[in-house]
Amino acid sequence: MVTIRVQAEDFDPTVETAVLTKGRTDVGAIVTFTGLCRDEGGMLNALELEHYPGMAEQELARIAAQAQERWPVQGIVIIHRFGKIPPGERIVMVSVSAWHRSEAFCAAEFLMDFLKTQAPFWKRQNLGDGTSGGWVAGKEADEEALERWNTK
Amino acid sequence: MVTIRVQAEDFDPTVETAVLTKGRTDVGAIVTFTGLCRDEGGMLNALELEHYPGMAEQELARIAAQAQERWPVQGIVIIHRFGKIPPGERIVMVSVSAWHRSEAFCAAEFLMDFLKTQAPFWKRQNLGDGTSGGWVAGKEADEEALERWNTK
Amino acid sequence: MKAIYFAWVRERIGRSDEEITPPASVANVEDLMVWLTRRGEEYAHAFENPKVIRVAIDQNHVKHNAPIAGAREIAFFPPMTGG
Amino acid sequence: MKAIYFAWVRERIGRSDEEITPPASVANVEDLMVWLTRRGEEYAHAFENPKVIRVAIDQNHVKHNAPIAGAREIAFFPPMTGG
């Protein structure tokens, strides 16, 4: 059971993860990652998230399918926002349900590592003075985070 | 910032994690683990959770302090229920906020591994026919999960 | 000192806590479990496999060789199964 | 085929999408980027460092040596920074 949504609106993680447990009593563990818009130096007015409509949803579904192939997970919810997101607000959530915690942790971290580098979203900084701080550059650390999944 | 609660009542993870982000814009990642009462064979009426009042809270606080020593985390919330918990209901949640996702994932998994084997809680099965299914035995896998944190 | 029992240790002994006054020769946790075992069949049953029993002194986990001098509260319980 | 541009690739080129009709000699993604570069300064700027450009054909990630024959939609964008 996989739920993928790409939307401008905020979301409530508890509401969104309810689908993972509704009507069933065999779920033992849920791991939910929430990514927030972070303002490191007090300079940021908002992040502007651009995405590739259609491919964004498809790519998230492909990443979810890969996680399901690797671990015995019961359900996955991925929600990614686009548009203007001020500091402190949620950008993304990934939630995984499983019989046991270890699979849920692994799959959630895998999903985030792949989402960061494979899902077609791009962040631009909108600074407090109204100017653009430019496009956020891809991080070396994020590329490296992918590699460890090849050896596991 | 650490919140520890041991209670009979259910809780809403979104409400409980709000304290991690309230009034601040420097949080980048929140990882929340939720553990549920799981009924593997349709035999379970409820789990009955016994705990050591006083020590349970203290031990959870000690585990949280260890996580804070190991990783640059911003905040931790741990809530553990006791009493009778029917299948499908939440038993425990652990939530960690951090600047970056990798620390939040590590600390949350560490907290759960230590909570499982160090926090004074004991589960007894209450079966559908009204009889006791006995006390849940500690798992070898849970003890092993602890060991990997010694080498990291 | 106060002895506290949890889970099946409590059930086997048939009480959740009690005041105990072990003699001075009972120096550590291991000694105390041996001493408790002599108090009756229910204790012998609870401590029949002392290796699996976990112990906390004044709400801190301790090993079986920990001294009990000065302890106000000593708790005996099976391996924990929370979470 | 339809070319689509995102983020700073879109900004440099000055449009988000367009119909393109490369000649048959343009066989793969790499060829196509070279061909686009010749369309003007804005394209040359967008593709000045082709190695960093990521490409999707019909909404699937592809490598630069992927053939473009039959593609309906080909997208060019910088490394992704979602999440």
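In order of appearance the chains are A, B, C and D, and numbering begins at 1 in each one.
Here is the rule we use: contacts are C-beta pairs under 8 Å (C-beta built on N, C-alpha and C of every residue); 3 or more make two chains touch, one makes a residue touch a chain.
As the structure is a computational prediction, the values presented were derived from the model and not from experiment.
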Chains contacting each of chain A and chain C, listed by label: B
Cα-centroid distance, chain C relative to chain D, in whole angstrom: 72
Chain centre separation in whole Å, for chain B relative to chain A (CA means): 23
Of all residues in chain C, the ones touching two or more other chains: 83
Per-residue overlap in chain A, given as positions that touch at least 2 other chains: 35, 101, 112
All touching chain pairs, where touch follows the definition stated at the start: A-B, A-D, B-C
Touching residues (chain side chain A, partner chain D) in the complex: 35, 49-52, 54-55, 58-59, 80, 91-92, 112, 115-124, 135-138
Interfacial residue positions of chain C with respect to chain B in the complex: 4, 6-8, 56, 59-61, 75, 77-83
Touching residues on chain B, where the partner in the complex is chain A: 12-15, 17, 21, 24-40, 44, 87-88, 99, 101-102, 104-105, 108-109, 112, 145
